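Letters A, B, C and D mark the chains in the order given here, with residues in each chain numbered from 1 onward.
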Amino acid sequence: MPLVSVEELADLVPDGALVALPPDNSLVPNALVRALIRAGRRALRLLGVPVSGYATDLLIGAGCVAALESSGVTLGEAGVAPRFLAALKRGTLAMTDATCPAIHTMLQAAEKGVPFMPLRGILGSDLLAHRPDWKVINNPFAPGADPIVLLPALAPDVAIFHAMMADDDGNVHVGRRHELATVAHAARRSLVTVERMSPRNLLEDEHLAAGTIAAVYVEAIAIAERGAWPLALLDEYAVDSAHLAEYARLARSDAGFGAYLDRHVFEAARRSFA
Amino acid sequence: MPLVSVEELADLVPDGALVALPPDNSLVPNALVRALIRAGRRALRLLGVPVSGYATDLLIGAGCVAALESSGVTLGEAGVAPRFLAALKRGTLAMTDATCPAIHTMLQAAEKGVPFMPLRGILGSDLLAHRPDWKVINNPFAPGADPIVLLPALAPDVAIFHAMMADDDGNVHVGRRHELATVAHAARRSLVTVERMSPRNLLEDEHLAAGTIAAVYVEAIAIAERGAWPLALLDEYAVDSAHLAEYARLARSDAGFGAYLDRHVFEAARRSFA
Amino acid sequence: MIQPEERMAAALARLILDPAAPPARHVAVGAASPIPAAACWLLRKLGTPIRLSLLHRPRGNPFSAGTRELFDLAGQGRIDLFFLGGGQIDGQANINLIGTGDWPGTAARFPGSFGSAFMYLVTPRTILFREEHSPRVLVPRVDFISAPGLSPPDVFRRGTAQALLTGKAVFRFDAARGRFTLASVHPGETAESVRAATGFAYDAPETVATTADPDPEWLAALRGPVRAEMLETYPEFCRRVWPTA
Amino acid sequence: MIQPEERMAAALARLILDPAAPPARHVAVGAASPIPAAACWLLRKLGTPIRLSLLHRPRGNPFSAGTRELFDLAGQGRIDLFFLGGGQIDGQANINLIGTGDWPGTAARFPGSFGSAFMYLVTPRTILFREEHSPRVLVPRVDFISAPGLSPPDVFRRGTAQALLTGKAVFRFDAARGRFTLASVHPGETAESVRAATGFAYDAPETVATTADPDPEWLAALRGPVRAEMLETYPEFCRRVWPTA
């Protein structure tokens, strides 16, 4: 399994790729997100699994994103996602609205290699009218009328996430965050940042194995200490709420967002490379 | 969460119940199986998840089983399952053949609360002709002819399994055996034996949480030390191959099987209660 | 001095206990819902045996497979009660979390539908909750339906809204009639002030009750053990509502 | 003295390496398949970069979600090669793991279909393997089809049998013609002895080759590092084939 730098990992995400991102509470690869911005990545299509937050807002603000599919976009207690709202207003972002379990289901279908999966609910929601890719059939197992939504399999080009550790074989440990396993299984390839390397094989340990995503799904790994910052990493470090509040404040204006990018994405990298 | 004896746990499985059992390599609750035999349970419908072995053969031989759905019945390196074959020949067992991923898929549908899920393959297999509950439709997402099998959700009345440990809240740890999580989620209730109690909450630990089945699915728990014997329990103890070979030899005849039952199911219990 | 949030939490707790509604053995509460969470913790601390699943609690929530497991449980009908809000809510209990203007929210954009399009139909009981009570939020007809309050008879649906709680009042929802009825107004409000602030038509009794304040036992529980439980998951909320505790 | 199992493992290894077949980057091997497992370990130990997933190895297999994950991977087309056996195998590469007589096997009952009904269709490449080579096993037409060798053109299918290896011979399968061709006979067998032991019709060249023995390097690998790897997963097999190692 190639161990690369975060910048090299970013180079493995092509312009225009459909990129799956975890929600803010769960293993967001912010170091890699900053590297994607520095690399000038363009026209990315982001998928929130199943919702989107800080990392998505940052990528949109930096001009990396052409389209977003998500069930919700918010900075949580820090408020609305300002760059998302600005891009939507300017018409520079193609937004596809979904509902959380539908995104999970479309990924599960891809994970399983089936062309679709059904899901209850959704009928009567205007989401359906704006999702020509979602179909309604009558449940073939019902004796009478029983409309049900079928959702198509959705295989992201790349899943990117941050994990606690990786081993030399390329297995990565995400603990209880098993919804990440689903997207890692569903995506054509996964690019992973980790806090550290594990000296032992993660799949050989019965306790760690359950929270481990196997190397078969992983294309490359980079070490990024505190790579989820300013978001939390499970038990290891907490969310930097003050930083998120500062982001929410600055990102309200184009100038403020530009200053934020300069300081926390570009200058910070120059400092660390100096 | 009620902590009960193994005999009390057996009392929670009603005659005629659809009971899901794990495969021989994974957390089979043999102490509970012996208790079911001693309790004289009748007309059970067993489901192999996805295959069946020693425990199923034992229950069939003891007259507890009216029907079996499974993708394979074998004692592994110990050979054929003699009581299964005898019951089939006598016509006392209603056998429903399946294929492993179909059983996983039917349980996944129940887990998700959807009436069906599709699966590739199976078309052209005679299994299909003997499964009127499996339907073929044309894939609604395909531009042309693309037949695909739909499998109905299957919710066992009871899932029974053996786990490494439980905590006071009723969470149980099964490590990497996540296919057990699916059947535990899919079943109406799970009855679990464990080697030991954990002094701490299993869901509070990031490492253990990933391999933990939450109490919400668990109806009752009993402690059964070496409760998977003569089968293996993950890293904790190995399969007792000599015992399985002895079972395979004795169970070839009615008399031999009777002697085995007396010795290892009835007398062993009398000894431990004495 | 009773905080408005304390009063709303107590009002929600009474709605949860309503013996006429389907049982609430397992209640799930989302990240953006501190007041519903406070209501559930209040009942737990007072001894009501409800299972409470806090979706974004970092540890100790019942889901070892992430939030997908919540939706799976709900799909099975094993989540009894859920709370939903809305950028807009209308008189037929439709909710809109998308936005206003043209799709997908050219005039105002809300955060998105989250799980609402699914949860509203598969959960036996939903309590609608929105602090802001204004004609902007409570509209005659939502611009977009994230999740419908009513469904045709052939659509699989386990339940719908039991009630709507706002910063001014409690409404009950009658699914058969597709209409809200004013149940009580919070202290400081009147039937008329609520009518003026509500954009949708609803029924009201001749004499409208006042929403009861939490009694001293409930207040003590809220300010003590409930706050202690919520501090990790909702730090901003706790600092705002109980700054000196 | 070369063991028959060693010769079959080497023959399988050569079939896996066949450059004309689809690539075998990820091979899965089941619990009941020690000879296919030996073939894969042999290639690994000799430096071929194949990913090998042993389904019933208690630890260290690549599946953190149990065997369901294997079937999911296969469903995606990410398992390149699988091995299947059969209580009966016929000339169109149909396999029967159910039984004979009336359904579900009143005359003889086999263990069951396991994953075959799925794997045979979703895997780009399957090698059929059965040690017993007799008219009882290799039949004109299987009593029941667990998994079909051929499918109509509108049925989703990624591949079918590449070859059939038995204790007597190697056959190639031509899916377009739906027919086996004898590729080689093991030492001690002849074209005639194989024909007599085979219940289905097949093609054969005028002069039939003899299955090559493993060379000293391969034999040393089988008896050394391959045996060491297999001891935990297939103890009975290792004791039988390599008793004095």
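Just so it is clear, a residue touches a chain if its C-beta (ideal position, glycine included) is under 8 Å from a C-beta of that chain, and two chains touch if they have at least 3 such contacts.
It should be emphasised that the depicted structure is a prediction, and the values quoted were computed from it without experimental measurement.
A.B. asks: Can you name the chains that touch chain B as well as chain D?
C.D. replies: Both-contact set = A.
A.B. asks: Farthest from chain D by Cα centre, which chain is it? Let me know.
C.D. replies: In terms of C-alpha centroids, the chain at the greatest distance from chain D is C.
A.B. asks: Using mean C-alpha positions as chain centres, tell me how far chain A is from chain B in Å, no decimals.
C.D. replies: Taking the mean C-alpha position of each chain, the two centres sit 36 Å apart.
A.B. asks: Using the average of all C-alpha atoms in each chain as its centre, how far is it in Å between chain C and chain D?
C.D. replies: 59
A.B. asks: Centre to centre, by mean C-alpha position, how many angstrom separate chain B and chain C?
C.D. replies: Once rounded, the distance between the two centres reads 41 Å.
A.B. asks: Can you list the residues of chain D that touch 2 or more other chains?
C.D. replies: 59, 63-65, 74-75, 122
A.B. asks: Mark out which residues of chain A touch at least two other chains, giving numbers and ranges.
C.D. replies: 112-114, 119-120, 146, 148, 176, 178, 203, 206, 209-211, 234-235
A.B. asks: Testing understanding: with touching defined as stated, what is the shape of the graph linking the protein chains, line, ring, star, complete or other?
C.D. replies: other
A.B. asks: Kindly provide every pair of chains that touch.
C.D. replies: Between chains, contact exists in these pairs: A-B, A-C, A-D, B-C, B-D.
A.B. asks: Applying the document's contact rule, which stretches of chain B touch chain A when the two form their complex?
C.D. replies: Where chain B meets chain A, its residues are 105, 112-120, 135, 137, 139-142, 146, 148, 150, 152, 174-176, 178, 203, 206-211, 234-235.
A.B. asks: Please give the residue numbers of chain C that touch chain B in the complex, ascending.
C.D. replies: 26, 51, 53, 59-65, 69, 72-78, 122
A.B. asks: Quick check: in the complex, which residue numbers of chain B touch chain D?
C.D. replies: My answer: residues 25-26, 50-51, 70-74, 76-77, 80-81, 85, 88-89, 95, 97-102, 104, 119-127, 130, 144-148, 176-180, 182, 232, 234-235, 241.
A.B. asks: Can you check the complex and tell me which residues of chain C touch chain A?
C.D. replies: Chain C residues touching chain A: 31-32, 56, 58-59, 63-68, 71, 74-75, 97-98, 103-106, 109, 111-122, 144-148, 150-152, 154-156, 234-236.
A.B. asks: Report the residues of chain B in contact with chain C in the complex, numbered from low to high.
C.D. replies: 110-114, 181, 185, 201, 203-204, 206, 209-216
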